[in-house]
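For reference, the structure I am asking about is given below.
Chain IDs A, B, C, D and E follow the sequence of writing; residue 1 opens each chain.
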């Protein structure tokens, strides 16, 4: 399966707006979690169906409905009906190969983006699509699997201190986005650590899989870039806030978020440049090493080739061979050998070959 | 024939606006297919001439006229007269090397673009030019050959369920465009699969045609980029909808289409980067392998060159040659050989050559 | 002489606006050709001086004055006086190293650009500067040499059918520009053909001059890019038509022209990418071939080097040399040789060297 | 720790806006320094707490409060309360991995950026985060450590001559920014010197660590680019001066500052290009040298290989070996050797190998 | 000293706006030259001080004050006082590492840019900073040394023919700028000539310093780009003419100037691309040549290695050695040698190695 596009074959021939889950099934049964709070009270339940969730929404309070698992098309269909979400948007939420996007209708705002983590065990990037549906009094989040990414946020809301409880649903959206963008930065940092550790290896001999590693990280950086770049557009659009889903008072948070996203994408850019440089330099280092080896071979051969020839000459069996009869012939041979060796030595020195 | 420009020689010296089919003749006789429907009724015919088609168009219904085969200049001339299409536009529709374009007049809107498929048999991209002429109540499509690309849309209209039948001609345009853009994504996915499969091969020895393959895919990616980039402009212009050919209610579909096109071109960009990297890395891997081989040669030669010289020395026929008369001369020779070998071994170890 | 800048030394130290012909003299005596037509009548003459030409201009008809040959500074001076063209513009028309430009004054519009052809004989690009001066009722064209590039347009006007005769001077301008841009596309097509034919050669051995050819085509593509890019700006500016030299009714022709220019520059871009890739890949292919050759050398040497050593050993003349006296010594030598060869064979196989 | 992102692990799981110092602790105890001046008088103290500082601020005078050391979260908290600075901004000031930024509220303007120096001892870039909080009558600066970077400014204010004393707090901001940007230019100049000195070495043999050095400088240039690029945005925004924190009269200073920043980033760009070229060319030079060495090996081997063969031939022990019995056999051998050598010499000359 | 930044150490620690000459002292004593003219009269003097110069300025005439030599800080100070030029601008005029800039105040307009020449003797670019201060009735120019760059303009003004005398100070500014930009184009042409001459050498053997030359020209092109790019911005801003220092009637001259600057920077771009290509191709050509040499070595070695082995075999001294006793043993040896040679020949041919 192509890594940079989700498998689209399942949707082939369907009419646009068909609600099919495009992606691997990552959880058995979708799980609903509901959190309802005002600055004073907080209620947490795990309802069985969406109707219960909808009923919980009231003015002047925040209702956070979280759905883990996207493969129950019926439930998503019901979600669309209850909250009047257009089929095209539902389709986008289910297609886990979806490009991060922001959509606004008169009633609600939808943000779809990727949560990205670096799985230290498998040494791979793992990603999960997160969709958020925001209205004045509620926020619905859809996740591919039952995750613990947002647990510390839940914890903070439960404790009831800080801004978390006093603020409205748009602030909750910010907190979730901030967590996701923080994860981007963490991922980039881990990857950056690994990339910077490669630095020392590119100048060492016998780094067999190094090129593979560099290539792997280039692909990972491409993956990050592909998923973070659209988030930059989304956050910029949120700051402009033409549709007014964000309270003016909370805009500063989103502006701060923007700083983080810009930092993320600039850092990615730099690591991309560094990987290119590492590749180039590793390549050049290999050449330079081959060069070194070749020089030794040349010097070695060059010293012995003429000597071996002369040894061969005096091993010839001509009947008339005056030198062989000389008393110090053998000695002369060694003197000749030493002279040749010395001559070559001087020549190589002059050419700075060693 | 240059691959990235259609053969223009046929049109040379003609006045601009001449109606000549530029391209290979892909079908024998143009074939007309007419589909006329309202939410309630549907009529399908294969009329002989365009006059019949024009007569079928009435208010509050959709008429879809499909022409397969572009080489009948007379029919196209007639098309222009019946539907008041300017000669320049007719010329563009016939020139299959035409850059994808959008043209709007007061009466109608014309979209010309490429349907692109990956032919798995020949392992090549195949492309076909599609022209669409849209007015309030009808849509005319021109194809180079009798295809089945739009058959599933016909099927859906026949069945009469879903939005397909209730919506007007601009929605039908969207459905066709969506099919075409979906094909782009499918093509990119197939190509992406192939490109990602190359990854494993670039690090293996004896991949003889690999460079050719990489080059072939680079050219394919260039071809896709050349044809999809203008489609992005077209869809963006459709969304702005200054001419009002799209009902406001249907704009969201085109916005969704835009997401797909953007995703297509971003994915192309990434595959282009990946191919560049693969090329670079494969090149470096070859070098690295040559390096490896050279090292073995050097070590081998370096071990034997001095030994062979000494063997040569003791094969010389000098009459006065004291060593030859030594009782353990031959033994000493082997001891000398072992010492030399051992010395070189230490030297090479120290330089980390093996 | 630098290829991408015309020889400027002639103009050195002159005041700006001096009317000097910068460029090679391509024709002996400037030649005047006049074509005067209405939809009904047509007159063609070759007048001796520009005063006659000017006298021919009347309302409601088109006068096309063509001047072949730029080196008669006096005539150009007279041209400037008669038609009130500013000295700076005259200077630009004469400087054949001029960047393509569009200038508009209250009275007239001047377009200067390059006609580019691929001369198949010399296998080189040839270019000629064309200047056009457009007013309501006349069009003056200046060419470097007596060419036949516009002959088919003259022919069409003479025949008097088609739009050519009915339309005004701005349409004539369009037809000339269209011819020039068509020539760009033809040139790109020819060059594209040549470039695509290189594809097959980069993977073949013994392609001695290939690098030179690639470099030559890169320079040609640079030349095209340098001359066509400003034309894109010119045509875009013509479409905006702020000065009103183009009749609104004719704007669609210029929009069509824009499509062609955009296509030209996008195709150039792709061929530039392709040449870069070809260069890279040819380079890599050479490396890969050297690799192949080196392997054979290594294998060959590696097989024989130890054998030759042992042959040398048994050619030594030690008096006490027990092996030499063995009955099957010679046989043992061959057995040893075969064992060594076989061992190396297994080793090389394991390393996948052949 | 990744070099291009500050260690974020400390902040993980905290709510946004938590005031934690992210970075290494560079000073023991934060140190307060206060400078209060009008054109006539000047007072300098080192108060113990911020309340004293705040009390010093009066109309028509400038109060410059400098805090060295960021790790005392309580003091920063107090700072936020006294001067009504939002928690998010405080957090940014403490996070030393923060991207340079400009924030404006109704009451004050905050600029965060990096002071960058080239530490000549360690041959490394060192950077320190500087935050500035500007209101009409005071400027607060936060530094990571007790530095002497601004001492010459203090000196100038003390002396009381020049503009320094007469101007208001926004001018003081300019003077500090100017010092910081001047440091950028100094750093670039030092780095530029080093980079330009590499030039001569890339063409010399035996430059072992050169690639490492080039890579190191590429990373440094990346670091500078990452930190200076946002400063360009900041200064541009200051010039637009929509919030009016800068007196119109002082705008020219900031415009001058802009020139410096633009020059800094353009020079960085050029050094980046130069390092790329140096890398490429050094790589090519290595190849060229290997080429040279190989040629000598080839010529050497080629001369001796056939001669050695013939010496071997006449060392064979066939009983029937007519040449061996020739009177001048040995002489003929040398004649043959000279002929072969001479032939090869002519061949190599013709191919221009030496 | 870093080549792309002027030595800034002299200014370190000074307050911004300090009037110090940053650069090498290129002339002993600043020299004043004054030219005062109307269409009717012309006066030329070399006054001793600036007060005299100022007194010469009257309405409806042009006064051109030229100062050669920048190092007399006092005179520059006086200049600032007499003509009310801000200290920051004076500072910029003196800093010869200044980026080309345009500054406009209510009273006057300042243009600072570089005159660039190619010194054919030293084969190096030489540059000199030129500052221009323009008001309605006068133009002050500052040059680093007493040059003859503007002598032909003086000559023209003296002669009193052409526009030069009739026009006002803004036209004089244009003429000077035109001279400077013409020099850019001349420099690019000379450099272009040199670069294009490299073309033929990259495919020839034994081009020892070629890489150095290419690198040198790359640095020169970088230098030109760095200094001409800002001039493009300046000229564009002059054309917009928001401050009205240019008479509307003279705008066409500046537009023409813009064409020249755009041409200069586009040509630079192309030469940059060409140098990159030359570098790449020269690198590849070296590889290709090494490849060629290696092939000869391989073929040579491959032919002789087995033969030498067999010669060695028959040189062995085994007592029991049946072949040696064969009557035609020696003949058989040669037959074997010829067969081996022929076999290898066929093999190499098949692999297309020669």
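The criterion applied here is as follows: a contact is a pair of C-beta atoms (placed from the backbone, for glycine too) under 8 Å apart; a residue touches a chain by one contact, two chains touch by 3 or more.
None of these values were measured; they are calculated from a predicted model.
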Intersection of the contact lists for chain A and chain D: none
Length of the shortest touching-chain route, chain A through to chain E: 2
Between chain C and its twin chain E, rotation from the CA superposition, multiple of 5 degrees: 70
Between chain B and chain D, centroid-to-centroid distance (C-alpha), Å: 42
Chain D and chain E, separation of their C-alpha mean positions in angstrom: 26
Multi-chain contact sites of chain C, meaning residues that touch two or more partners: 283, 287, 290, 294, 297, 301, 305, 308, 312, 315-317, 321
Touch-based graph of the chains, sorted into line, ring, star, complete or other: ring
Traversal of the chain ring from chain C via chain E: C, E, D, A, B
Chain B-touching residues of chain A, taken from the complex the two chains share: 1-5, 7-9, 12-13, 15-17, 86, 88, 92, 98-99, 101, 103, 205-206, 211-212, 214-215, 218-219, 222, 226, 229, 279, 282-283, 286-287, 289-290, 293-294, 296-297, 300-301, 304-305, 307-308, 311-312, 314-317, 321, 323-330, 333
Residue ranges of chain C in contact with chain B within the complex: 152, 156, 162-164, 174-175, 178, 182, 185-186, 188-190, 192-193, 196, 199, 202-203, 252-253, 255-256, 259, 262-263, 266-267, 270-271, 273-274, 277-278, 280-281, 283-285, 287-288, 290-291, 294-295, 297-298, 301-302, 305-306, 308-309, 312-313, 315-322, 352-353
